[in-house]
Every structure is written in structure tokens, then in C-alpha cells.
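In what comes next, chain A is part of two complexes: it sits with chain B in the first one and with chain C in the second one.
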Partner chain A sequence: MTVILLAIFAVTLIYLGVANRLSSYISVLAVQGVILFGVAFIELIEINWVNLVFILLETIVFKTIAIPYFLKYIIERNKITRDSEPFLPDFISIVIVTAIIIASFLLSNAIEDPHLGKIFFVASLSALFTGLYIIVTRRKIITHVMGFLVIENGVFVLSLAVGNEMPMLVNIGILLDIFASVFLLGIFANKIGDIMKEQDVEQLSNLKD
Partner chain B sequence: MSIVSFLLIIFTSLFFTGIVIRTKSIFSGRKGPGFFQPLKDIRRLFRKGAVYSKTTSFIFQIAPSIYFASVLMAIFMVPFGNQPGIISFQGDFIFFAYALALGKFFIIISALDTGSSFEGMGASREALYSLLVEPAFFILMGSFALLTGHTSFYEIFGSLHFGSYISYGEGTLAAIVLVFIALIENSRMPVDDPKTHLELTMVHEVMILDNSGFDLGLILYSTNLKFAMYGALIANFFLTPGYEWYYSLPIFIGVQIVFAVIVGTVESFMARFRMNHNPQYIFMLTSISLLIFIGVLILKKFV
Partner chain C sequence: MAQFFSGMMGSYLVGSFLISMLLFFNRNKLVNYGLTILFMVLQWGLTIYEFDHLNVVDFQYFSPDSLAIIFLVVLSILCVPAIYHSHVYCNSKAEIPRNRGIYFSALVVLFAALSAAYLSNHIAITWIFVELTTLSSSALIYHRRNSRSLEGTWKYIFVCSISITLVFIGILFLSIAVQRTGSTNLFYQGLFNSAAGMNVFWLKLAFLFIFTGFTCKAGLVPMYTAGIDAKDKAPSPAGAIFGSALMNVGFIGIFRFYQVIGPTSIFEWANKIMLITGLLSIFVATVYMLRVKNLKRMFAYSSVEHMGLIMVGLAAGGIGRYAAILHLVLHSFAKPVLFFQMGQVYRIYKSKSIYDIGDYFKYNLSGALVLLFAFFTVTAMPPSGMFVSEFLIFRALFEAKHIWIILFIMLLLTMIIWSFGKNIFKILFIKPIGFNDTDVEKISPFESLSQFILLALVIYLGLFPPAGLVTLINGAVSNLPK
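Let's look at the complex of A and B:
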């Protein structure tokens, strides 16, 4: 079952490569939250209920409901145009995302470690690199935040890959990280939106003190 | 030797487009044409003679027949659950793909034969799209050949281990990819609009602008046959192993109906893509089938 869920996770990564509306990015992030909850629920079935509730909070409440809602709020408040405006054409994007998945598969194949769930490692590495790729090639600040969230999802899968125990502290760390990053970047985007009206990263290089 | 899948596909092809059109008219709130209207159109076309332009050569005249024959040839190879198709041999899925490609090649050169600039444009688009679909189909069938260890349609579908959730998951993903492949190969909505009226935006329709009468009827009926053929391939992923026809037959018909309703729903609710968005959309299918391939590699512990 986890194999299928992680395959669907990888399909959402491919879809991120071609999606060209901000609203589809947000819905992909929400779907990824649900998938991550499914994977974590199946993998961590024997842990105590406190941890389970915590993971439920982290995946469903934060990743699926709170963050997409907050991102939608930022987009509406700042009147950000709905295109993602990549630097590269979408066809190249999807070829690169496919290449990323194959490369992470080959890389995880080269690592001989009995403790490592291979399919988890493939999914997490490809999510990490896809997030990086989205950050590098998209023009808006809000898509940078979304790329960062994809990286966070990859880290979450990676923490599932290294074994069944995911200590409470790691959970809290991840949660705080997500919360702080989205919140701060949201405020940042809001302030820039107030001052500059346009959210193009290119224009930030024109800033002088 | 089994003729049952051939007969079933011919039978479902009679109703397929009718179901699609009914779905579309229900969703758009129209009364819509009758259930058998596409068949009546084709019958009317079959009773007419064809008109040939003076600039065309014999290629234009033989191409629709070859196209129809290639689709029939491909249908001969589709199995029905545990029963092989009329023709079945090792590696027949490769022959299946290239029989279809042969028909498409003849339609393309007949479009070029007319000397119309619009038709050449449509032919180039059609060639590009089927070129991009091909790796998706081969990676998909290749991964199922790897999963089961057999290389013909009949053996692959016969020995898929149903009952374990993994093969159902892989089968569902493969069915989704096959639905998209069928939509693209039949030039339906997200890639091409069969109802468009502007030659510049057509793909498949512009290639058959000069065909008339009997030839046009053949081409239209081949589209029905192709839909039913892909529906049969999709149904094969869900058929029960063994000879229990009283399970297999309702599943087959049900999958065909669901497939037709999906096609109608997609055509009702999706706008067609911009022309330059089509290649990346089709390439996405290759990526998804690569994921299926990686899943099979991990399942079979090859890595």
C-alpha cells in the first residue's frame, strides 16, 4: 500500500512540473498532505496514540488545511496573478522532473543499506530535488514558498525512511519549521506586496539601500 | 483460438460513441441526438460513393481501407481475460502498436497527398502526438511483461496475480494511463476537439477533410472500433482469471460503459489545451509509466 501511495506522491511531483496555475500548486500541496498522512499512518501503526495524534495534526491539519488556506489568503490579499511564470518552458520542466526521479532511483540503488526503505528514499530525494528545481525556476516569491513546502514533504518522507521511530522532538521541530517559514514568508510577501505591487524576484535585484 | 473478444469489441463499438454523446448532452442539459445517431451517420456514409480530387493519387484512395484494416488487425490481438485473441504470439503487443502505427502512417501520407496546407499541418501534429504516446505504451506493456514474465497480451493478462492489492494498484495506474492514451490516439478532448470548426486548430479532423462518402464512413467507424479496443485493453486489467464468463462479461461491459462515460465527462468539463501545451501533457504519460516501471522493479526485487 505504501508503494502505491508513494507512487501517487511521485505523480503529484510530475504534475507540479507542468502545473501553471497557483491554485493547482495549492491543491497539489493539499493532496500531498493527505498522501503523507496515509503513509505515516500505515508505517507508524504501532506507535502510541500521542504521537499518532501529533502526526495527524501535522499532516492533515497543517499540511492539508491550514497552509493551503493561508497561501490562498496571501494570493487573494496581494492580488497575485494566477500564473506561475516559470523561466523555462513546461516541456523542459517535466523532462527534468522525470530525470530527477530516475536519477534519485539510480542513486538510492547505489546505496546498500539494510535500514533504508528504498521506495521511501526515492520519493523523498525526488521531492527534495523537485522542490529545489521549483524554487530555482519560478519567478514569484509565493512559488518559492511552495517549493520549500515540497522540500519539507520530502524531508517528512525521509524521516519515515530511516526507520519506524520518529521521536516527538523531530516532529515538533518539523512543525515549527513549517509554521515559521510559511508565516514569515507570508508576512514578507505581504510587505513586499504593499510596497512594490509586483512580486517578481527579478525586481528585488534592483533594490538599493 | 477464441473469437469472443473480437465479437465483444465489435458489439461494444456499436454503442460506444452513442454513450459518449448521450453523456455530453445530459451534462449540457440538451435533449441531444439519439443513442444510435453516430451509427446512422456511418450507415448513411456507407451508402454514398466517394469523390476524389484530381490532385490526389492512388494513395489517397487506398489509405482509409488500410487504416480500417490495421485497426481490425490490432483488434484480432486483444485477449478476453483468460482467452487469447484470434492472433496471439510472443511479443504481440509490439505488433499491436505497429499495426496501429501503419494505419496512422497511411492516413498521414494520404493527408499529405491532397496537397492542402491545412492537412499537412494536421498530419505533422498527429505524427508528433503519436510519437510521444509510443514510449508511454511500450514502457507500460514492458513493465507488465517484466511483472508477469510473459511477452504476449494473452499471457500477461492471464497471469496477472489478481487478489493482491499491489497488482490492483498497478492495474489501476495502468488503466489511467491507457485511458489517456486512448483519448490521445482517438484525438479526443484535452488534446484535440472533434467538434472544432476552425482548420487551424484541428488535428485529426483536418486530415480527413478531403475524404468523403464511403471512405469517411470507414474512418469514422475505425474511431469507434479503436475506442472499444482500448476499452477492452483496460477491461483486461480488471477481468477475473479463469473462465467464469458470468463475472467477466458484466465486468467487461461495465468497464466499457464507465470508460465511455469518462470520455463524455472529460469532453463536457475540460477545455482543450493550447497547442504548445500538448507535448508536455503527453510526455507526462511517459513519466507516469516510468513510475509504474520503477514500482515493478522494486516489487520484483530486481534492484
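Let's look at the complex of A and C:
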């Protein structure tokens, strides 16, 4: 079951690579939250229940409901246009994201470790690099935040791989998740929207030498 | 609960949190002064207490080893002029009480987070406090509340968040390696003991991710960019802390993990990575130093150069390790001098651009002397203490038979000194074009006093290092293999 869920997770990454509208990005992030909820539930059922409830709440309440809702709110409040404005055509994007996933497969096959679920490794590495790819190739600042959220999801998957023995690390990962995303989105909602007229990265190129 | 109050650390963290909260809500200037003095007392109390309790575990997750003590003392010494100059800064701008409160509140949180990160003996606890330094520094960077400082803040938070995520991924890989040895111990001592039995593949991945992540705080290639913008846009006293104590926290993150992999077979490989990173950092710093026109950014790039030298020294081994830490200590005293002085320069010329500043001797004699001496100190000319440490780094490289690397670094350093000197002497002696000096602010020489003391400290510590410092530095590098 975990394998199927994580495979779907990887597929959502490919969809992210070609998605054009910001609203589809938001839906994909919400779907990823649900998938992570499933994976966390299956993997961590054995750890103590307080911890488990905390982790499950984080995936459902925070990742699936709060963040997408907040992103939607920011987009409406700042009147951001609905197109994600990539620098590269979709065809190249889909090829690159696929290449990232294949490369993660090859890399994980090189590991000789019987205990590690390789699928976790593949899913998280692909999410990490896809997130970086989205950050690099999209013009809007809000899509940078979304790329960061994808990276966070990847880190969460990886922390689940070690979560059975060290639940503390999963909790710290969640702390990072909540801290960083609330902070980034909070600044975005309150400050960038008010001070900057256009929400493109070109607006952020005054500091240079 | 008893454990909580058994040492000093618990009280320190709670105390600084309370002080920071009070500063945040307080609107009265005198109360503000009182609270910051109270914090200085608390900071020094912690420093003296931990100094007396070397290697005694405090509050389970904090243990003052030699390295932590060195940087804690450096931080506490810097804390006094930083708070003093912050008051001067706020008074000169007639800051509104709310912004002043936020500024000092964030500064106190930054100091507390830095101290805790130095002292922590658990890799995840270090990580949490490094994350906290990002949050508090971003409040300081955003202090001026205009679109440029917003840009700096945004870039800083974004790059730091990604870096801190990379460090976390590194910790996860490390935990995989730890689990294979049958333990779940992530204390540095535990890691050090079990490192020899760990899987090399996971350790390599962990090192790469943790190293890359911490380069953001340490100011090395590849993640140095955010730190440059931060030092430029933050008020000068905060920039002084970013250019010294905050870089030390990045170094400590790298160094502690470097110690862990000391007994393993990947140590040589890690040395190569650090050597390459160091060289690239010096190279990048040189390229930017040659064309940069903004003084604060020039100082920031000079920090990148020094951190690169420190990495090269560490990788060279032998006496280079001692020299690297000595250099870091001296750099932490020398660089804030330039940033503190920059605050005065900015008040006179209302600009940071090299084109608008000049003839500084005429307007502020003591400040100009600081700038002149600081230039000799930071570029490591004798009698600067940094000359000694740089010389030792070159000796280590020579002993490790890296002749070509020495020549390469020497060439780059010459270019850096040339461009640094060109800009500083322009500021000091050449008249600025179109500068109206009818209502120039008179700056009291007393404000430069702290900077002279820091410069004297750099010379003293470099030329006649006290036995206590030498013992501490040797203790810090004693875990590394020969």
C-alpha cells in the first residue's frame, strides 16, 4: 500500500512539472498532503498514539487544509494572475522531471542496504529536486514558495523512512515545516503584497553588485 | 524540574525569553536601556558559569566544551559594543518605540539562540537553534521597512530555509547510518564513538548535505549570497553580529560534524571537499571585491574570503587547524569594527556607495583612524594578529605540500588587498564629488572607543595569545586525527 501511495506521490510531481495554473499547484499540494497522511498512518501505526495523532493532524489539518487555503487567500488578496509563467516550455519540464525521477531510481539502486525502503528514498529525492527545479524555472514569487513546500513534503517522506526508530526526528521535521511555511507565507501575505506592485522575481533584483 | 534549574542553561533560556518579551512590549526608552543591560549581565553570567564548568553537561542537551567556550566568550565580548551601538543607532534615527522594541527583542533572541547553538551537544538541538537565528535575524534585516530591506529579508529567509532543510536531510541520512550500527544516539559524543562502524555511503551523503546547508550561515560557496544581502540591509550593529558571531555558528555546525567523521575513512575525502570550497570562496570573494561599490557589501565579501581561508587551513591539517580557529576568533573581533564604523560613516554621508564618500579624515578624525587601522588588521598586515594566523595557515599548506594552492591564494589575496586598499584610501583622503558639508553631524570620538579596544584585542590575541586561549583551541582540535 505504501508503495502505491508513494508512486502516486511521484506522479503528482510530474503533474506539477506541467501544471499551468496556480490553482492546480494548490490542488496538487493538497493531494500530496492526503497521500502523506496515508503513508504516515501505515508506517507509524506502532509508535505511541500521542505522537501519531500529532503527525496525522499535521498532515491533514496543516498540509491538506490550512496551507492550500492560505495560498488561495494570498492569491486572491494580492490579485495574482492565474498562470504560473514558467521560463521553459512544458514539454521540456516534463522531460526534466521524469529524468529526475529516473535518476533517483538509479541512485537508490546503487545503495546496498536491505533495511531501507528504497521507494521512500526515490520519492523524497525526486520531490527535493523537483521542488528546486520549480523554484528555478518559475517567474512568480508565490511559485517559489510552492516549490519550497514540495521540498518540505519530500523531506517529510524521508523522515517517515526513519520515523519508526526515531519519532523525534519526524517531529522536528514537522516543526521545520510549520515554522518555515508560516513565516514565508506570513511575510508574503502581509508585506510583499503591499509593498511590491508586481509579484515577479524581477522585482527582487535590486540588491546586486 | 530539578534538572531544569540544576545548571545555568535553563534559567538563561527562560531569562532571555522573558527579557525579549518585555523588550517587545515595552515602549519606554529608559526601561529599554535597563532591560538590555540586564541581558548583558545574564549573558556574562552564563559565560562565566560555563567557563567554570568546562565539559559538565548542563540541562542534558548543552555541554560547554572548549570550542563552545571560545565562541561563547567571543559572543559575550561582542554583545556589549553591539548593544551600545544599537542604542546609538536607534537614538540617531529617533526610532519610534515600537520599532526599537522589536529590534532589541530580536537582538536578544539572536544572542540567546547563538549561545545555545554553540553549547548544544546534540545535532538536532544545534539545528533547532540555528533555525531560530534565521527567524530573529530576519526581523533585524527588515528593520528599515522599505522595499529593499524587504527584498533582503525575503532572500535571506528563503535561502536559509532551503539550507536548513538541507541540513535536516543530512541529519536524516546520518540517522539512517546510526541506526545500522544499532543505536539511536544523536549526541555528538555518541556519534563520534560509533562513527567508525557507520556505512560510508550514508555518511558521505550526510556530510554533503550538512556541509552545504551550513555554508549559508558560515558564508561559504555555494550558499553565501543570502548572507551578503543580510549584512548589507541590516542596521550596522546587527550587520556586525551577522559578520562575526553568526558566521561562527555556521562554522561550529560544520566543525562538529567534521570531528564526528574524524575516525572514519571518508575524512580525507571531506578534507578535499573543504579545500575546494575554501578555494572557491576566496576566488568568488576576489571577483566581487574587485567590482563592488557598496562598502558594506565589500566588508561582507571580505568575510567570505576569511571563511574560505579558514576552511583551507582546516583542510590542510597540522598547525592549520589551530590557525583556523585562531583566525576565526580574530576575524570575529576585526570585522565588527568595520561594521560599527560603517554606522558612523552612514550618519555623515547618508550613503554606502563608494562614489558618495570621501575625505573622511576631515569630518571624523577618530573614525577615520579606526577605518585605517581596521583596514590593516582585516587585510592581515603586521602587526595585526590575523597576520600570525594567516601565516600559520600558509605554513600548514606548505607542510602539506600544496605549493600551487599557496601561490593561487597569494595571488587572490594580493588582488583583494589592492581593491580593499583602493576603496579605503579613497574614503579617507579623496574629496567626494557633490557632497554638501554644511550640516554634517558631529560624531563624538567616544563612539569609536569600543572599536579601538576590539582592534587592540586582535593585535594582542594574535601576537601574545594567552595560555588559556591556546589550551582551549588545542582542546577544540584535539579530537581530530593526526
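In the analysis below, the second predicted complex is superposed on the first by the 185 of 209 C-alpha atoms of A that agree within 3 Å, B and C clash if a C-alpha of one lies under 4 Å from a C-alpha of the other, contacts with A are read in each partner's own complex, and residues count from 1 in each chain.
We adopt the following convention: a residue touches a chain if its C-beta (ideal position, glycine included) is under 8 Å from a C-beta of that chain, and two chains touch if they have at least 3 such contacts.
These numbers were taken from a predicted model, which means no experiment stands behind them.
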Let me test your reading of the model: by the given contact rule, A:Ile101 touches which partner, first (chain B), second (chain C), both or neither? first
Based on the superposed arrangement, let me know which partner A:Ala10 touches: chain B (first), chain C (second), both, or neither? first
Tell me the contact category for A:Ile119 with respect to chain B and chain C: first, second, both or neither. first
Comparing chain C with chain B, which touches more residues belonging to chain A? C
Is A:Ile65 touching anything from chain B or chain C once the two structures are fitted on A? First, second, both or neither. neither
Looking at the overlay, what does A:Phe179 touch: chain B (first), chain C (second), both, or neither? second
Per the definitions at the top, what is the overlap between the chain A residues touching chain B and those touching chain C? none
Given the complex with chain A, which residues does chain B contribute to the contact? 165-166, 169, 173, 277, 279-281, 283-284, 286-288, 290-292, 294-295, 298-299, 303
Report the residues of chain A in contact with chain B in the complex, numbered from low to high. 1, 3-4, 7, 10-11, 14-15, 18, 89-91, 93-95, 97-98, 101-102, 105, 109, 118-119, 122
Complex interface listing, chain A residues touching chain C: 111, 113, 115-116, 128, 141, 144, 148, 151-152, 155, 158-159, 161-162, 165-166, 168-169, 172-173, 175-176, 179-180, 183-184, 187, 191-192, 195-196, 203-204, 206-207, 209
Show me the residue ranges of chain C that touch chain A in the complex, using the header's touch definition. 124, 127-128, 131, 135, 138, 142, 146-148, 150-155, 157-158, 161-162, 164-165, 168-169, 171-172, 175-176, 179-180, 184, 186, 199, 201-202, 229, 232-233, 288, 291-294, 297
